[in-house]
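Each of the next two complexes has chain A plus one other chain: chain B in the first, chain C in the second.
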Partner chain A sequence: MKVLMFGWEFPPKIYGGLAVASYGITKGLSLQGDVQTTFCLPKPTGEEEKFLNIINMSQVPVVWRDKNYDDIRDRFVGHTAVDYYRFRDHLYADFNYLQGLDDLGCIQFAGGYPGNLHEEINNFSIIAGVLARSEDFDLIHAHDWLTYPAGVHAKMVSGKPLCIHVHATDFDRSRGKVNPTVYGIEKNGMDHADCIMCVSELTRQTVINQYHQDPKKCVAMHNAVYPLSEEYQAIVPNKTPDEKVVTFLGRITMQKGPEYFVEAAAKVLQRTHNIRFCMAGSGDMMNAMIRMAAERGIADRFHFPGFRLGAFRHRSSGGHAVRLSVYHLQAVGLRRDSEQRHQSGLLGYRRYGGRHLQHLHQRQSLSVSF
Partner chain B sequence: MADAIYSICTNDSLYQYLSEEGLKEVDQITWEKVGLRIRECYNQLTGRGWFDNWEYLQAVKNIK
Partner chain C sequence: MKQICLYFEIHQPIHLKRYRFFDIGKDHYYYDDYENERAIQETSRNSYIPALTAMLDMAKKDEGFKVAFSLSGTAIEMLEQYAPEVIDLLQQLAETKCVEFLAEPYSHGLASIGNEESFREEVQRQAKKMHELFGQTPKVVRNSSLIYSDEIGAVCADMGFKGMIAEGAKHILGWKSPHYVYSCAQDNRLSLLMRDYNLSDDISLRFGSQPITADTYCDWIAGLPEGEDVINIFMELVALGIFQPLSTGILEFFKALPACARARGLQFATPSEIIAKHKAVAPMECVYPVSWNDEERDTSCWLGNTMQREAFAKLYDEKVVGRILACKDRRIKADWDRLQASNNFRFMTTKPASANLYRGIYENAFDAFTNYMNILGDFLKRVRDLFSDQVENDELNALYTQITNLGEELSVKENEVSRLRARLEKYEAKEKAEAAAEEKPAAKPAAKKPAAKPAAKKTEAKKK
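Entry: the complex of A and B
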């Protein structure tokens, strides 16, 4: 089975959890032996693993340029010069009006999430039209709203089934106050999709209720975890018997609800003083959380070491981990969660409809109402 | 949540239980199994062109 997959991130270049999830999904598919994945990325590094075919969207032509093979054969990252000529044989419209075309007739991507993200998303979908005409595939799989337009375009051209992967919705990110443009892109992708894979049952319900999708075509597809690296396993926890460390692992952003963690820390410290709290992450709410900790009078027991250093220190401390998400919890999905996997005292919480928190593991259910 | 954090920090047996059982549970969640589940979705889509979540759940219930 040949899958044409559109993604925005892939290791080793990681901007967020999407890269790690994309890696895990493609790796899991590759282990079956008969699934060939062609993964289209805006700007790969060339250092991606070789178990799948990478197509560099920055080097797929959308405009015809007369190029000699000997002049261009060493210029490609991901696919090859031979692929370039195949793509060039499948141009479908005149895109000479586009800004930023290079001498190969390709549209350049900045990589990541630049200020002109919507323009890049549109360009990505233009290039998808070339690929849909030139590649041989059975199915299209698009990861997250950034690539839904590309997936829809490829489906329109090829008639092949479209599967979209909802790693998050704008409802999650904005706590219900959606960006109408982003919502429109998400909704259009869902409307055209034949199958909608959601990272949790809660996200599936959001897709059904907030995006008005048929429940029959929505499926909860939980992420998995990778074993902890040897580097981390080698760390011997330096536990202090008289003092516990509780760590918040994740971005310090509205979506993760860090303020609940600070509030909980303040309540815990009213009862006992031998616990330290650590926010091992970074994000736009970090300064607000530092101020909040100071206002609650717990700054002397609260630490903000940043993400990577924080994760390392958390491992070293042998403490407890708390993973919060206000609107959904990806089922222990991403690499940072592999930290928690080998930690003692794993705690994961999620909030249902703003009413209560529930422990991640049903068998160890510890429900707490707000 | 405050009560839960307080409990796990002060109750050693709860701490031990969560450590062991949590690890066992999370060890069962692998990308290989995710790949199998996604493959089942692909099979439905390529086989007949549409997807049914109920049939999918029947097909993957043996993937634990």
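Entry: the complex of A and C
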């Protein structure tokens, strides 16, 4: 079976959880043996693993340009110049009016999440039309709302079934105050999809209730877990005997509810003193959280070690990890949660009941209800 | 006769290093040695040494030039380590008798607002250091960045200082002129010298952009109304050479001042001389602290936002200060001095005026705060580990007094023991002599010895 997959991130260039999830699912499919994945990325680095075909959307032509093979042979990252000519044979409309076309007739992507994200999403779906005409595949798979329009377009062109993968909905990201444009894109994608894969039952319920989808086509498909690599397991926990460390791992952004962590820390520190809290990572709410910790008067026991380095070294300080989302704990963070579980206890807090803690080790998990 | 009072602050903060969360509990060294050495040597080379050399020349010429300095303890430590020639120059200046050294809190910190006990201790320590280095015991005090309020003034008066220098801030002076001597509103024994910020900033801030000649400057001073006889020009010493680079000709301006002043009948005087000569004309009310920083002239650049107040509250927590003052651990005391320096708080300011502020190694206020709190987290833990958390400061002090008293008692007893022992020896010697005289067998004195000792012990025990 051949899968045409649209994604926005892929390791080694990681912006958030989406990259890791995309890696996990494609790697899993490749191990099946009979599944061939073509993965479309806005801007690959060329250092991706080779078990799947990467298509560099920044180098797929949407406009015909006369190019000599010898001149452009070495310019491609991801797919090859041969692919380029195949794509060029399947142009379907005149896109010369587009801004930012390069000499190959391709649209450039900035990569990541730039300010003109909506424009990039639109461009992405334009290119998807070319791919849908030139590639041979049995199934379309689109990750998160950024690539839904591309998936829908490819389905329109090819008539092949569309499966969309809901890693998060805008209800989760905005705590219910959705961005209508984003909601519109998500709803359109779901309406056209033949199958909706949700990362948790909670997300599935959101899709059914907030996006009014047929429950029959929604399935909860939990992210899987890798055992800790030997490199990590080899680290000897370097505990300070008299102090415990509680770490928040994740982007410091609204979706993850960092302020609940600060409040919880303030409550704990009212009663006991031999605990340090550590908010690893960065994000748009970091400065607000620094101020908040200062306002609660716990800044001498509440620390901000910064991005990534903290996540790595936290293991060596051997404390508890808190990994959370306000709405769906295991949806976003399960992979790393479960890794953490190998070494340390895990705490989560929740606002809604449900099965979202089902994957966590019962004896070592603790949840704080608000 | 109008008198010009020149005063220069010499202070350099000890820069903290990038201290990570993972260092807490493991690394107790908080300083960026490279940056400290670089900063102090650059400052010395570009400012302190040329400025002080010029002043030494002026003082030796005997044109009536006088000047006052104060050094923060942290600056002295850095200078001693990295630029001892600056201390040498200051000592030579001290020998000319044209220079007065003022007292100030050792750490250049905010103890005056945070903790009175610690403030007193710091000022005394710094005054002692001034005496050691320059042979002068300061009679006039200045607080870090000229922070002053009635309460701080009263504390300083209580410590025996005759005068204090303060910012001539518009909002406390009102219609009054800074060119008189005032007294502290809570204690009139303390005279106040108010900084004339216009004339001071003409040199320290504006000299490069709006150059003036020494003639014009002295004309301005001479043109002040009759009776306004005290002109206080206070600034940081780095104004000569760093704020105003040497290329602006600031030193030439400065060297020309004594001659120009003399031509207009102006004198130079040190703060003590002014306080001795002029009586305070009125008390100066100042309920909230003023300082010489920023347009607001208050403490908002150190304590303006929640982060700064949180750091301040944690640093000057009563239990913490009590423990530090009570302890005898020199490293903790040294760290305490360095962490207090007001610059650490200044780095955390989020005031709009601070957009282009020099922030040392930090990217922004939040960075400065998180780094400082990491260090403080470690430091506070060390302090807490000194004594059990349950012990109150009072108990701690009581215990310490008890220990000191016991020590005194012991020394008294020891004196007694040695006195008795001396007497015993005398007695024995006498007995020996008698024995020798009577020519008895040599074994006898040896047998007598053990008998004499218990007797001596008994007397000791009785006296106890």
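The rule is simple: the second predicted complex is superposed on the first by the 334 of 370 C-alpha atoms of A that agree within 3 Å, B and C clash if a C-alpha of one lies under 4 Å from a C-alpha of the other, contacts with A are read in each partner's own complex, and residues count from 1 in each chain.
Just so we're on the same page, a residue touches a chain if its C-beta (ideal position, glycine included) is under 8 Å from a C-beta of that chain, and two chains touch if they have at least 3 such contacts.
Predicted model, so just to flag it, every value in this text is computed and none were measured.
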When the two structures are overlaid on chain A, which partner does A:Thr272 contact: first (chain B), second (chain C), both, or neither? first
Considering only touches as defined above, state whether A:Arg73 meets chain B (first), chain C (second), both or neither. neither
Answer with first, second, both or neither: which of chain B and chain C does A:Leu139 touch in the superposed model? first
Where does A:Ile290 make contact in the superposed view: on chain B (first), on chain C (second), on both, or on neither? second
Once the shared chain is lined up, is A:His303 touching chain B (first), chain C (second), both, or neither of them? second
As a test of reading the superposition: which chain, chain B or chain C, is in touch with more residues of chain A? B
Which parts of chain A are in contact with chain B and also with chain C? none
The residues of chain A that touch chain B in their complex are 1, 3, 24-25, 27-32, 35, 138-139, 161, 163, 194-195, 197, 215-219, 221-226, 244, 246, 260-261, 263-265, 267-268, 271-272, 275, 320, 322, 331-332, 340-347, 349, 357, 359, 361, 363-364, 366, 368
If we count contacts the way the header does, which residues on chain A are in touch with chain C in the complex? 240, 243, 273, 276, 278, 286-287, 290-291, 293-295, 297, 299-305, 310, 313, 316-317
Report the residues of chain C in contact with chain A in the complex, numbered from low to high. 20-22, 24-25, 305-307, 309-311, 313-314, 366, 369-370, 373-374, 376-377, 380-381, 389
Complex contacts: residues of chain B adjacent to chain A: 1-10, 15, 17-19, 21-23, 25-27, 29-39, 41-42, 44-46, 49-54, 56
